[in-house]
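The structure is given below, and queries will be raised subsequently.
Chain naming follows the written order as A, B, C and D, and within any one chain the residues start at number 1.
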Amino acid sequence: MGTTAAEKQFIDRYVTPQREVQWAVYARQPENVYFSHAAHVKLAHLECSSCHRDHGQADTLRLYEEDRISGYSRDIWRDMKMDDCVACHRQRGIENSCLDCHK
Amino acid sequence: MKAKQYGMTIDIDRCTGCGACMVACAVENNVPPVPEGANDRKGITWIRVFPINNGAEWPGRQSAFVPVLCQQCGEHTPCVSVCPQQAVQVDPATGIVGQMPERCLGCRYCMAACPYHARYFNWWDPSWPAGMEKALNPDVAPRMRGVVEKCNFCHGRWHAAKQRAAARGQQEIDPADYVPACVEACPTGAIEFGDLNDSQSTVARTAGEDHSFRLLEKLGTDPKIHYRSKRDWVRRVAAAPGKEEAHG
Amino acid sequence: MKATRRDLFKFAAGGAAGLALTPMPWRLVTDTALWSENWPGIPRPARGEIRTRFTHCALCPAGCPVKARCVGDQPVSLRGLAGRPLCAFGLTGHHLPYHANRVSRGDPEGAAQAVRAALSRRGANESVAVLDLRPGRTASWTYRRAMGALPGGLYLAAQSGLPAIDLRAAKTILSFGVPVLDGWGTPANVLAARAQFRLIEAEAVESHTAMLADEWLPLREGSQDALASGIRHILTAGAAGIPSGEAAERSGLPEATIVAVAQELARGDAVVLAREETDAVTELNRMLGGRAIVRRREAPAPFHWTRTAAPVTRFDAVPDQSIRALLIDESVSDGYFPWDAVERKLAPEATVVVFASSRAGYGAHAGFVLPAAVYPEIADDIPAAIDSTAATFRLAVPLVEAPATVVNPTRFVAELAGVDAGDALRERANAIEQSGRGTVLSYTDSRSTPLRDIKADAFWKILHEGGCWEDEARDQSPGEPRASAPAVVAMTWEMRMARGPLSPLVTKLYQESNLRVRT
Amino acid sequence: MDKAFIARGVRRCSTGKFVLWIAPWAALLVFGLYSAGLCLVKGLNQTNMDNRFVFGLWIFLDLTVIALGAGAFFTGFLLYIIKVKEMKAVINSAVVIGLVCYSGAVAALLVDVGQPLRFWFTFWYPNVHSMLTEVTFCITCYLTVLAIEYLPIVLRNRKLRQVPGFLVFEFELHKLVYVLAGVGTFLSFFHQGSLGGLFGVLRGHPFAFREGLAVWPSTFFLFILSAAAVGPSFILLTTWVASKISRKRLVEAQVLQRLGRISGLLLTAYVLAKTMDTLIWINRTSPGTGFPAWQYYSWKPFGTWILFAEIVVFGLIPALILVAPRLRARTGWLVSAATLACLGIALNRFVQTVQTLALPTLGFDPFLSYAPSWQEVGTFLGVVAFGMLVYSLSFRYLNLFPQERDLQAAAVPAEEPVLAGRY
């Protein structure tokens, strides 16, 4: 480790001073959303890429964008909005009341 | 999946008024303490235990405790129809009356509509002593100032149970796996919880028992919280609409 | 051309109209609404792996088993086990580290020097003493050993060798203001036995217990002895006590009621409980001679402890103005002495050191207040509750890391006296293990095994991962009702409210509702 | 100095005097804005409302003010739809009154909600079953209508009409006036009604709950009727007050009497309807929900006197005075009757909001009382001051009372060449 400049910087910034990395999560949903991967992957057999874009294939990551006022990741407002969840649930005829996904 | 009608039966004769349910509820649902000096009418207690008595003096005096939470009305649910922006909804799958703080405008019309005063307004932004926010329950989102909230049968626990079921590859949750905090905390087991539609469940049985009644039944809101007491005066005071006698 | 005022107006109007056609105002409207979901002031609960850990609640001697739901290492909610519920305080125990009036820093070195100085100028019949507000712990042994090693060292406690109350053996309980149904003893035991005994609550105010008791006697404030000896008078057919008429006079109760109560007690297996045990009460108990008062054998302790430990001195037995230096362990307390009672025992300019987590206690009067860890920050054992007939050994294990500033009272005292505290809990556990008595109940698999079938390490492991040792219930010889009461005030609900430490959520019970009254 | 703005042929007090009159109201408005600001920034904990008394002074204010503002739509209705020509004399004033009342109410509502930033949710995610949705939609629409109705009055200002564009615009706009009156009437009927429905639908509060037609409880119609009845009275009152304060004759006497008569007739109808409704409620609706009606009046201070006051003292009596031509002819009687009517509507709205919430529902409920905090009162007064300011300014610079000039001319002949009046 610490071979490249970036890695070195990472170690100096976080590893050595043992600071928690403030990861920026593309798909971080608002606090009031309860999302269960188990339900979507084990029961509904969804592909990761159907919600998260094909990060697996890409070898570089997009820049993380955040809305200045609301503080939410732009990705959510691109293709992980409530409307998207609802649309998919409707399509699959899964009962959708607010409490299904909101906590 | 068969639709459920989650409900409770509360045995007033068993309630010791210890308050464990109120505290357990607040812990489970990240309900903040009120600021210094706020009174009982500005605080938030999704379940509140009212001391009542028969109005007599010793030796005739008798006292009891009545826990009151959202009665999860099934018919003409007063708070649902009044909300101007669909922040309140009865979940058809569970019969739980849900309140969406993020959709709420804070007009408090639903609170005016609720005859049980089971809805609470966030007069302040939530605040906990420094460091205590670490001890908040991750399954429930803290509410912001200016919105209404209420009991939703510990929906965070319902999510968790769903999650566990899904991890086992099942749709249905195991009834024993989903119990609201107040039911779990009650030291005397005065509160029973379960699916009223399921004839096998305890609640379905106890709800039909003698001496069981519901609050303000005549309003026709079909509440899903059933109370029970063998003492006539308790039924008289608790079931009767606003009387002058026996104030907590 | 020159711009007139009218042009200015036109421009403003045009600009406003134009702006409405851009997405700007609409985005602004949406984003501000979203911002209202997570504006500053709304905390974000930490996310992480959900774990379950077991411990025991150290807030009172009931020592209820606790199942802690943790996110990572941080407990987010506490629950009791099946049939062993937690009370409102126990349910919020994990908030105590953050309670409002917590003592954050102190001056240990200064305190140590002050005590040493006090020792050096200690008069002939003056003493240095530790006041232990929760006797019967392993920590108490350490204090006793330390005081045994110090010249003029005294170990003070409220009560010594308390008899236990065996609720299963009681048919009638006459309680003078004891909150029998409101947090007294081990709630689980009380609830289990409730069906078998009849409770007569004699109390001036209508407390929760009074509400729930089978009978409530609203006697006048301070007329407890009158009623007690009135009853005695009836039972002894006038041989002792005061006539029931006079008793009725002084207690404000109808004579008939007193007679009825006396007759009920006479039916046998009756016991009298009192918040302040006076001779009248003790005499009454001795007379009733119920099987409910039993002697309890203490949990084994290492032999060398018992050899070097100072005896337990009853606090009220200490001569006035004789304590040169007093160290009070207030970090946990099952009762306390009013400050004036304590002050009377102090020599002039005595040094007082208090170990406390809350500022609400003796701290106000002490020269030194040292921050102590609070449940659930520290490993400590919990003495047997008043209603447990057999000795028990269970640990409150740390769930939360204590702040760096806290002082460990036992270690402080031990160092002062030059005694090696070592790992006292471990030594105690080994001593118990060697005795081979009793059984061990493990919560993780809810199996109970005879202690003799368990290795020392396994025993220690169980104690830490949620488990409890219980002595076999032999030696049920009737205990001697206490002769006279020390001026200790039992830790009732009101006391907790008054002295804390409290979770901020307990306000739900007396501020956000009128369920409780804060006195 | 502001002569250029004052309409020709009418007399107005000196600027200095006017400023003196304005100043205290302006100060009050500033105080109101400050209190409202506190509530917006720090939240509703600034008020004395609580989880049980969720509505307070503000909702009472809104309901009352909107009822009184009904004069605007109803005068328009009378003038443009039923062609009651006298109304021409007060229509402008009525529009201003309406605008003032409605904008004031909306402002108060915005402070009253816990999350003002989410005000648009009601429009974006409306719940069509909620009376409040109906209210919100209608009031916002009607407020727009009022603004549009107000615009020509403003544009007819002596200075502004110098801008040719404005003149044309005003002229075009004036053609719409019938449409606007129609729309306004329709909207008003609805939100006045739904304001009544607001409490009539609360089956949780048997004191307020009423049966009715289809989705509308009886209070829906009672509110329409009462608002229509009191609207003219309020116009009458304000006109009278304005002329007293400005010491000028603004309209001919029969205009006021006509207003009074209309008001009286409608009020009579209202009193009858209200009485019937009350009887049905006492004998059927309330007992049906398990609440004997006597019980509501067992809580002091809300005795049966309040019912009597509402229906007889502030209902029947003014109604009779207003329908009796001889009494109506006397200004004293006319005005005091109008005042009584207005007070009556306020009392009715008070009972609907405050008493409803004060009465216990559960057997172990206490009876509640509530006193507004100074922030609430401040906001309230701010709204009042805002009204006074807008009306005063409009009165000074706009032509609120078309008859004023002629009455003026008649009173003071040859003040200036009569022709000068027609531009």
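Basically, a residue touches a chain if its C-beta (ideal position, glycine included) is under 8 Å from a C-beta of that chain, and two chains touch if they have at least 3 such contacts.
If you're wondering where the values come from, they're calculated on a predicted model, not measured in any experiment.
Asker: Could you name the chain whose CA centroid falls nearest to the centroid of all protein CA atoms?
Answerer: Of all chains shown, the one whose C-alpha centre lies nearest the global C-alpha mean is B.
Asker: With contacts defined as at the top, give the pair, B-D or A-B, that has more of them.
Answerer: When A-B is set beside B-D, the one with more contacts is B-D.
Asker: Based on the averaged CA atom positions, which chain is farthest from subunit C?
Answerer: Chain D.
Asker: Between subunit B and subunit D, what's the gap in Å when you average each chain's C-alpha atoms?
Answerer: Centres of subunit B and subunit D (C-alpha means) sit 41 Å apart.
Asker: Where the centres are mean C-alpha positions, what is the separation of subunit B from subunit C, in Å?
Answerer: Centre-to-centre distance between subunit B and subunit C: 30 Å.
Asker: Return the distance between the CA-based centres of subunit A and subunit D, expressed in whole Å.
Answerer: Inter-chain centre distance comes to 52 Å.
Asker: Considering subunit D alone, which of its residues make contact with at least two other chains?
Answerer: 115, 118, 121
Asker: Tell me, which residues of subunit B touch at least two other chains?
Answerer: 39, 43-44, 50, 102-103, 125, 140-142, 144-146, 248
Asker: Give me the residues of subunit A that touch two or more other chains.
Answerer: 30-32 - these are the residues of subunit A that touch more than one other chain.
Asker: Would you please name all pairs of chains that touch?
Answerer: A-B, A-C, B-C, B-D, C-D
Asker: Sort out for me which residues of subunit D touch subunit C in the complex.
Answerer: Residues 115, 117-118, 120-121, 163 of subunit D touch subunit C in their complex.
Asker: Contact residues on subunit A for subunit C in the complex?
Answerer: That would be residues 30-32, 67-72 of subunit A.
Asker: Residues of subunit A touching subunit B in their complex?
Answerer: Answer in residue numbers: 30-32, 34, 36, 38-39, 42-43, 95, 97-100, 102-103.
Asker: For subunit C, which residues are in contact with subunit B within the complex?
Answerer: Residue list for subunit C touching subunit B: 36-39, 41-48, 71, 74-80, 85-88, 91-92, 94-95, 97-100, 181-183, 187-188, 191, 206, 208, 211-212, 216, 218, 257, 503-509, 511-516.
Asker: Touching residues of subunit C toward subunit A in the complex: what are they?
Answerer: 28, 31-32, 34-35, 37-38, 42, 44-45
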